[in-house]
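Here come two complexes built around chain A, the first alongside chain B, the second alongside chain C.
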Partner chain A sequence: MAPPKKVSTTASSSTSAITSALQDLVQSYKENTPKRVKIIDAFLLFIVLSGVAQFVYCALITNYPFNAFLAGFGSSIGQFVLTAAFRAQVNPATRSQFTIISPERAFADFCFGSIVLHFFVYNFLG
Partner chain B sequence: MTVLKLPTFSPSTLTNAASLLRILALAAIAGAAISSRLFAVVNFESIIHEFDPWFNYRATRVLASQGFTEFWNWFDPTAWYPLGRVVGGTIYPGLMATSGVIYNILHALHLPVDIRNVCVLLAPGFSGLTAWATYMLTKELKDESAGLLAAIFIGIAPGYISRSVAGSYDNEAIAIFLLMITFYIWIRALKDGSVLYGTLAAVFYYYMVAAWGGYAFITNMIPLHAFVLLLMGRFSHRLYSAYSAWYAVGTLASMQVPFVGFQPVQTSEHMAALGVFGLLQLIAFVEIVRSYVASKQFQVMLRWFLVASGIAGGLAIVGLTITKTIAPWTGRFYSLWDTGYAKKYIPIIASVSEHQPTAWPAFFMDLHMLIFLFPAGVILCFKELREEHVFVIIYAVMASYFAGVMVRLMLTLTPVVCMAAAIALSSLLDTYLSVEEPARPDSNGVDETSAPGADVPAEVTVSKKKKKDVAAAAAAAAAHSAATTATKAKTKPSATYGIFGLDTRLVVIVNAIFMLVMFVLHCTWVTSSAYSSPSVVLASRRPDGSQNIIDDFREAYYWLRQNTPQDAVVMSWWDYGYQIAGMADRPTLVDNNTWNNTHIATVGKAMSSSEEVSYPILRKHDVDYILIIFGGLIGYSGDDINKFLWMVRIAQGVWPDEIKEPNYFTPRGEYKVDDQASEAMKNSLMYKMSYYRFNELFSGSPAFDRVRNQQLPREGPKLDYIEEAFTSENWIVRIYEVKKEDPLGRDLKTANAFDGGKKRKPSKPTSRRRALTA
Partner chain C sequence: MQPRLLSWLGIALTLLVAPAWAKSSTGDKVLIVTDAKLEMSDYSQFWDGLRSRGYELTFRKTSEDEPATSAFDVPSFSHIILLAPSAKTYPQDLSPQSLVHLLSDRTQPTNILFVLQPSTPSVPLRDLAREFGISFPPPATPLIDYFSAVSPANATSLLLSPPLSQHTAGFESGKILYHGISHLRSSNPLLVNFLNAPPTSYAADPLEPADAVVEAAASGGEGLWAGGRMGLVTGFEVLLGGGRAMWVGSLDLFADAATSIDGEATANNAYALALAAWTFQETSVLRIDAVEHRRISESAPREQYRIKDEIIYRIHVSKFDPTTGEWVPTSEIEDMQLEFTMLDPHIRTALKPASEEGWYEAQFMAPDRHGVFKFIVDWRRKGYTALHSSTTVSVVPFRHNEYPRFLSSAWPYYLGALSTSAAFVLFCALWLLGGDEEAKKKKTQ
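The block that comes next holds the complex of A and B.
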């Protein structure tokens, strides 16, 4: 995930502590994350942006085909969490928590979850 | 050292034999579960039971004969006359779809099974699957032997049988299986952190949503489990993977059911799941950030993050509540928390007997000894307290509460009771069936620190006595150290505690077997005597013990089917709507799908008002026949006079000025039908229809109502606006025809009086009476 964006807006008021902490975070992220996980993170960021775009459209313009909005937004959220779970399962830092799930199995699970998810999304688009 | 010499086998032989035995045992359990539900078919016949199943059966027939698309778009003009009902969008179609699929598979295999038999036998068949799912879930909690015990418990526990006997073709028939399998897959998903199982749990959750309104139990149980795990500081990415996959896929899937629609994102019942989902995302995000930075910087960032997300979340909730995007809790839900709520505000919910609070004996009746073993099993769960044990503990607490509030929710309690009791009993058997014996204190002589005798659990008093003469001194010395080491000893390897001798084992095991036998006897007895009555056909015993079948309902419905025009509208209290539609195939005003309170209140008003007031209502609704249930002759207590107060109450809710409940009581506040009955009571259409010509049966002596145990007035009620059309053999069902307007334009009362004065000479009434009583 790409963390800095969320907090930086509220950090304007005071402290250099928070900005330096964020800088450290970015630095640490760049150094300690495997390249493959970074690719997953880029995908996650893309999904977040697409979800935000849909939500803004729904909130500002119209939610008229509400099922279509829910399907699209649900697709974003669902794909995000499936990818995030996949990331946790293959990331060396967290892989130890999953005793029986190999990275290959994780990818198969990810595909299965995505297919089922998009089956329902497609059905719900209307 | 062991008490018994056991024959030795190679380990592979043992495992093979064990797994073969397990499969055989599971098959036998499924067989027992299915066959114990067949009492209804054996004692009566292969018939659909009660009320709601008749609608499900009728819908399934449509599905089987016309295909799924037709079923989906089915508009039923005969229900809720004249409104009609959009059936496809107002039902949970899972049950009908299941039997439709089974029916089609059987026919594809050239097995020409009748759709009715598929429906009748669906619930027993699924109970076998429930036993298997319970086995799998309990296996995760303890081991295979506990699983087998749980399977046999759930297979024959009356608490579950009550809703799944053959012919009880209701949503619960498949829902309990879906409940257990969803929980099992959820536990598996959580243990492995598997997205695959999380998605599968969502798919079964979808099936459950399509099958039963009680799906909200899963919707709240799984988030609650996740939330408790979070509070216990047990966040893990496994939890994140399993829960996120379940929620994201499951919520989207549940919205595919038309009857559920957008509720999962709009109503409060579903908001807990959403909240936990959001919380998990935040925590996972924070966890990832923490893995990258030093702890001091992390604290700074965490503070900012919490403030920002707290403000955002608070604003979102306030905004959504102001704009009313989130619907408030529904009445059915409130009645779970406040048992008096329904009675005050929604009489139609309170009037259903299965929504009443549970009486204490019902717990013993439905669960027998399991209810005593249940707490022990829950405590054993605390001992291990892995994630799945936390789940069972939460489930036990929630289900116990709900089962106490509503009788029908005993159904959700039964599985967890079976699981917990199986864990308790299996632990007991494990301890007492093991041939291992702890080392005797005198045999190791020097080794006093282990002091095994004092660590023996308290229930082994027999062995303690026997041992005392040998090791009295050692025991006394060890007694005070036992107090300090007692708690530790439990976790020590088996050598330090255990059971001495064969006699103790025998005493306990024989007792346990005795209890199990009693349990089986109790379950069989309750099932055969209490839960297998179809309630469409009643049975009584003649003095010589032989069975007497009372078949008034079908007699009357068949009469309607044969003697009235296809479009004749039948009015009855809503309980009988589905049966009339299913068996008599006639339009009804109201039925068991109680979606329109006003319409039901209209019927209530027509029943509880006098003839003059009711007649315009009946005519406006094109009512041709009125059907009532009357048990006064043979003492059938579930009749309409006993339900009458609910009709009054529901009508009062809509017309408080015209219908007043106190008017139907005697001045002393009693509910009476005899001489002292109030004027409103005596004039009400329901009273008149029930007792019309009743005293003629008693040839002069005063008529006696065997349900209320009251003597009726000598003078029976007179009817002017309706006339008797049919009365069944035992007078349980009485059907009246609503007269058309008088052709000469008189009002029907004067017309009737005129006819009565003129037609005294011809003996028409007596001949009709003879026909009726014959």
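The block that comes next holds the complex of A and C.
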């Protein structure tokens, strides 16, 4: 993520400092992040929420059938890892570290990995 | 008219006589081995009683070699009565080893009734009795009891009331005249108590009856063969094969002379015949006819079950009815148990009588453990034939496609996986479209 443009130094209290820092963070994110990376971030957020919901359901209500929980939760984790890796490869800010791999190649890798992951997930879901 | 009347008479006679023809569940041939000294006519009422119940009696002296108890290792007789208490030696086919061999045969056991005399059980008989867990007091020490004696002058002739039992069903009530020896039973679980000595009785030389008591009193009661735990009549049942043996401490129990005392009838004959009925496998004889097992939802048996299957096990037991000579289904066993065993019993449950006569049923859930299991019924009760049945089945785990599917509790997980996939597809579409937009932007720039 890109660093915030300006840092507030005039805040009188720590809460207002945190609030303004967050505001800066959001502002900076809105302005400096490319649209495609925002799509990736939205996808990641959805996956995190889905994974947390499944974990809470498992912990509070039932873990039976456990294989279904493992499949569902594993699908969230696996998809998150693949997507995060994909994000690192296509984000202009970190792009310089992946000069060997073109963005198209990175997308193809991501799709292949995800399809294999979903194949395993549905096999294990029961 | 005449032949018809005769045939009617014949039928009527058959009907009258039939109930008295009891058959043993194993066979009718009886070999009676006697001492040379004994007079067979002294026991005629006992023989007549046996004959009236359909037994074929064959008599033989211990000095004779024929007829042999077995030919080519096949028993020639179903039952033996060894009425030879004082014989010093026995022929080869009646040696203790041969008798034990005959009794413990698994397919065709020979039942043996041992009758002892007050005076001296011979050495071979003493040794043989020890094999059964029965030991005798020193020679020439009959049972003495002044409280149940017929007369104070003759304290070795006792009037006893044997307890009523299922196993001696033919004997209903009454006193028997007992003149003989007592014995000590070991804790062998195969022994069946039929008659115990009176609590006030003891074994001693009848000429010096007080000496034994005085000697024992001097040594603190030690060495006196006394009390109610001493046995007079003891049965023994072989676990495998079901052969039965009976040890009776009184020869006179069977004698005609003991059927009445001072003109008053005793129950000796009825009791002797009841003892013979148990020994010759007429009473308390059970067998397993059929064993069934199946899943609760199916009607055919399976060779293998799945873990957590609901299984029904059924077993059919018959009891021999000596009055008709037939096997009758019986539901009178209340304490039969079924074990579902792989090395250890994983399940042990009661086999309850089912609605149909003779069937016992147990329903249980197979354990959550796969392997080779056995249905085991092992019912051993004193005096009854031991019932044993073992059926081997396998218990297998779920196959890959046998697990339950689409469980309502798993819908959040299904939704999680499905939504991740859908979101992935949506993301790919957006990504590709977004790429187009950027390309367009670049082109327009």
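Simple rule for what comes next: the second predicted complex is superposed on the first by the 112 of 126 C-alpha atoms of A that agree within 3 Å, B and C clash if a C-alpha of one lies under 4 Å from a C-alpha of the other, contacts with A are read in each partner's own complex, and residues count from 1 in each chain.
FYI, contacts are C-beta pairs under 8 Å (C-beta built on N, C-alpha and C of every residue); 3 or more make two chains touch, one makes a residue touch a chain.
Predicted model only: the values in this text are computed from it and were never measured.
K.L.:
Have a look at where A:102 lands relative to chain B and chain C in the superposition and call it first, second, both or neither.
P.N.:
neither
K.L.:
Between chain B (first) and chain C (second), which, if any, makes contact with A:53: first, second, both or neither?
P.N.:
second
K.L.:
Based on the superposed arrangement, let me know which partner A:29 touches: chain B (first), chain C (second), both, or neither?
P.N.:
first
K.L.:
Have a look at where A:71 lands relative to chain B and chain C in the superposition and call it first, second, both or neither.
P.N.:
both
K.L.:
When both complexes are superposed, which of chain B and chain C contacts more residues belonging to chain A?
P.N.:
If we count touched residues of chain A for both partners, the winner is B.
K.L.:
Given the touch rule stated above, what does A:121 touch, chain B (first), chain C (second), both, or neither?
P.N.:
Both partners, chain B and chain C.
K.L.:
Shared contact residues on chain A for chain B and chain C?
P.N.:
71, 121
K.L.:
Which chain A residues qualify as touching chain C in the complex?
P.N.:
Contacts found on chain A: 35-36, 39-40, 43, 46-47, 50-51, 53-54, 57, 61-62, 64-65, 68-69, 71-73, 75-76, 79, 83, 107, 111, 114, 118, 121-122, 125-126.
K.L.:
Touching residues of chain A toward chain B in the complex: what are they?
P.N.:
Counting only chain A, the residues touching chain B are 1, 3, 6-7, 10-11, 15, 17-18, 20-22, 24-25, 28-29, 32, 66-67, 70-71, 74, 77-78, 81-82, 84-86, 88-89, 93-94, 97-101, 106, 108-110, 112-113, 116-117, 120-121, 123-124.
K.L.:
Please output the residues of chain C touching chain A within their complex, sorted ascending.
P.N.:
Going through chain C, the ones touching chain A are 403-405, 407, 409-410, 412-417, 419-421, 423-424, 427-428, 430-431, 434-435, 437-438.
K.L.:
Where on chain B does chain A make contact in their complex?
P.N.:
It is residues 192-196, 198-199, 202-203, 206, 236-238, 240-241, 244-245, 247-249, 251-253, 255-256, 262, 265, 281, 284-285, 288-289, 291-294, 297-298, 300-301, 304-305, 307-308 of chain B that touch chain A.
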